[in-house]
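Next up: the structures, one after another.
Both complexes below contain chain A, partnered by chain B and then by chain C.
This part shows the complex of A and B:
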């Protein structure tokens, strides 16, 4: 039976300091097939189009529902989640590459720990007294809560960093995702107590002044978070804070 | 007063339960080494969608904690330890307030308080939610708090590390673990005063399921092999509404039905709302085991599935689109994205899927396993849900169990009960064993492909140990599982390297998955009754499935006299086979009664 095949050209790399190379694989087509499911097929039969048996392609995935953020890679030149990249919607052959904004560990597997470090810098948490019972939580404006809900979908996948021309060796910019998280915590009735700390952190090197307003981030965000809107509002808040700092001196 | 010692606890797993335990330990003055397969922010807790149950009683329904207690025990078909459940439901409203303070963006009413929705097996609105991504939002809140503790030097994270096994001292107490860095493949032995496993469920044992790829139950099997009891493993929850897929079955939240969704198929050319007809009192909001069996019956036995396939409609199209967007946005988007249809306009097509394990590592009410120094909490333990879990009780049990296991681990560490810490020789020896095992796996050069064998394992488990079970099938399944275990020896790996060798690590996990499949199957074989998610068909004298005069399958009934007991499964190192026994548990508070969702609950 001549099954329809889907051709993949995958940029591989055997280790952090090895040279990248391409390998091609054919995967039997089926309806609703996505990129992660295709990589799983390669695991079951790790043979290239030249008939060479090779180690299966290495990548990171967990939920396959576009909510964990793990399977971000560059698919046909665009940073996105592989689990919801449906083959029917992709031009073939399909090119898979690691998101090289981040250090490559192997094949499509990358090290995104820098993003989690950035969340420390912006103090991405509400400073609660403890997990014990304190009091009732404050009532919140339901409209503000909806904005918070939107931003809180950020899964730290790194698409926006990969797409941003200002994230890379040339700059210290921590990137759109971690920056916008500062806005999230500044919205919360308890979180806003520490808003000046977060805004001051964003004045430092790698903070919001490194954003070049190229608007790439909002285009690629898989969660459709209005990143540029919140970056603009943060920019305003940071400026206000800078003025306040001057007068407080 | 002298400062308390900074005891170091090892927590394996960074989902809700592991993070909650971590936070409690740090607040008590301890330190935590936190191990996870992935950055903890990507843990499987985030796949929970619909909500978290707590009696907030803000809808004028006179909801009570007792009602939540009774719904949970009744929903679990009277197999849950009632004292443990009572503790959980009493704590629930306090935990919601904690999450609210931490910044979880719960969906709110116009007045700004937390909104509540209906969920299965409960008559009152009791489910707090953040749109349809509640698990993600709760997990992020704890992830943020633990990051704060990390900055304070209280937590050391080991992300992309795989737990391999625990290490015991001469007195048999657990005082460390062996783990492997999944990127560099380095294997290291870590000392810790107490070890808490919070490693989640074993969904991958069934292959396609609603679980993440990391939910393989491998850690649970590892400690089972080291002497931990497994409790009630035969109770596997099949979620009624998932989007069938070849790579995974994607969950379509019970919240769809909670917000008014209706399940139907065509019968005689007209929509047949079979759940509403079969169960007039609860309708579409019957508990999951009941709904799954009904859908299975309608498709498989009555042949009424959509286009003759195993699918039924889950219909939201009668509900205003802006209401749906507000309450269910995230998952409707997911359905559109993966299926291509818009559930606001056309009914979704769904079918039941393996979803959750009520069973797991046996623990007492303080979350100690039977091995001193080893604790377990979250889905990997067996507590709270009995024979069937109510929707939105899992985020609750995961969080609550962490609030119990964390402080108790610290108390145990300080008690001096566990004997000496491990010597360097003991650490080295344990590490060496794991290194040799891994090297052996890397060199395997047989014929079998591990991933294909895994697929076969899943298909086998779905065939015999899913919604309907019978003793012939379970015997056959055990026989075939032994065959698969044997074939594991003949696996060949193509990756012999030591940089992120995912293939070799998967081969190690796969053996544990096969052993856990045997645990589930054997426990199901031995429990000769139907209870909750475990439904067993009677066999006639010829070994055929029994049918009544109307041609309906005859299921065994619930047998409280013999089986109102916790199943305990132990590992036999000589044969590798599971050994089943039973243990009494506390059901002193609510007297068992028949479970019938066709009529309103009577207490």
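This part shows the complex of A and C:
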């Protein structure tokens, strides 16, 4: 038993419609300990500080290297990935909460399928199948490749949606991440053929017009994607598209 | 596909910056005449009276009342879509976002009182023309009125100046963080200047 313990205050919830409650756990400290590793310790021995044995805390994780986005949760009030949240850099006791902008399934596990639905709305893909002959892949524009690479880092973790004051049950805003994906596919040499379709989708209710420029998204993005820059670019593109819609007919 | 939300939201943006911005500038310009004394303010009020009545009324309805009502009512709808969280995410822009909505709520109440009392009751019902003496009586009548009027002006000025910054983002004029910061600093400078002018002309009623 290590001398030093790390105290966790975890907001738990037994089911989607159950009331949330807090439970406290102590985890033995070790160098380079992170939140996911601590949750694994709790899973091994789910005993609260009061000595009560409880069902293990449910959470989601995958890659453990800030690439998949699965372990996003609210750590000390900040939406971030649990796998790269080092205990040494966190104020204790450490508060863990589910990202409540999404429906909570159980404990820290959330349902982020709304982002997938949003990606469908903005056509977050490139049409490759059609009546045309499939040839070699077209070259990327070398001048925009760096931007496309940056946006392609988006792992739909949902940090930006959790931080955005305009995303939540009170609003139908699809959020920064899916919106900015439209720009990624508009940059693609084949994807750009569908750019007007994506821009028109962004003009729908809950699209880019719901952005209120609080700019929390760019502050919390774990992949440092310049979301506000691309949102402004999309605003520009959407306005031009609106003019085309009005005057091209 | 007719993107109603998109066009309403863009109209809200245009209304706020141009129509209501012009109204705010006019108010500050005319009211600042109080600094130079009753003659100066009454003189510039008389200048406005030179505009023929029907044209003046058409301007009031078309360029002030309609944009104000649209901006206000649609603005309430927008404000209701926000779950302000500057406590959790205390970044400057997020504070401005929240303040934009807090000032909006205050302005809804303040403008009902301000327009209702001065335009509809005083000028409309009793037929009393607005003059330096009337405003001096109103502003110095109680510390609460003075405070509420200064707060109302500050709220309107902040809402307008922060609106310049967000307008530039919404219309894709400022794209990168550097240009957005430059515009933000300029508009906050303008905000400070307009607030100072307000304090000076409100103060001038007390010293004269």
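We adopt the following convention: the second predicted complex is superposed on the first by the 243 of 249 C-alpha atoms of A that agree within 3 Å, B and C clash if a C-alpha of one lies under 4 Å from a C-alpha of the other, contacts with A are read in each partner's own complex, and residues count from 1 in each chain.
Simple rule for what comes next: contacts are C-beta pairs under 8 Å (C-beta built on N, C-alpha and C of every residue); 3 or more make two chains touch, one makes a residue touch a chain.
Everything numeric here is computed off the predicted structure, so don't read it as measured data.
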item: Room on chain A for both chain B and chain C (clash or fit); value: fit
item: Touched partner set for A:139, first chain B, second chain C, both or neither; value: first
item: Chain B, chain C and vertex chain A (Cα centres) - angle in steps of 10°; value: 170
item: Which of chain B and chain C A:163 touches, first, second, both or neither; value: second
item: First (chain B), second (chain C), both or neither touched by A:82; value: neither
item: Touched partner set for A:215, first chain B, second chain C, both or neither; value: second
item: Which of chain B and chain C A:153 touches, first, second, both or neither; value: first
item: Which superposed partner A:199 touches (first chain B, second chain C, both, neither); value: neither
item: After superposition on chain A, the shortest CA separation from chain B to chain C (Å); value: 20
item: Chain A residues contacted in one complex by chain B, in the other by chain C; value: none
item: Partner chain B, residues of chain A touching it in the complex; value: 14-16, 30, 32-34, 36-37, 40, 43-46, 53-56, 58, 60-70, 83-84, 86, 105-107, 109, 111-113, 116, 119-120, 123-128, 130-137, 139-142, 145-146, 148-149, 152-153, 155-156, 184-185, 188, 190-191
item: Of all residues in chain C, those that touch chain A in their complex; value: 1, 3-7, 9-10, 78, 80-85, 88-89, 91, 93-94, 96-98, 100, 165-166, 169-177, 180
item: Residues on chain B engaged by chain A in the complex (per definition of touch); value: 20, 23-24, 27, 38-39, 41-44, 46-47, 94, 97-98, 100-103, 105-113, 130-131, 133, 136-137, 140, 144-145, 147-148, 150-151, 159, 183, 212-214, 245-248, 250-251, 330, 334, 337-339, 403, 449, 451-452, 455, 494-497, 499-503
item: Residues of chain A defined as touching chain C within the complex; value: 77-78, 163, 165-166, 168, 170-171, 173, 200, 203-207, 209-216, 219-220, 226, 228-229, 231-239, 242, 245
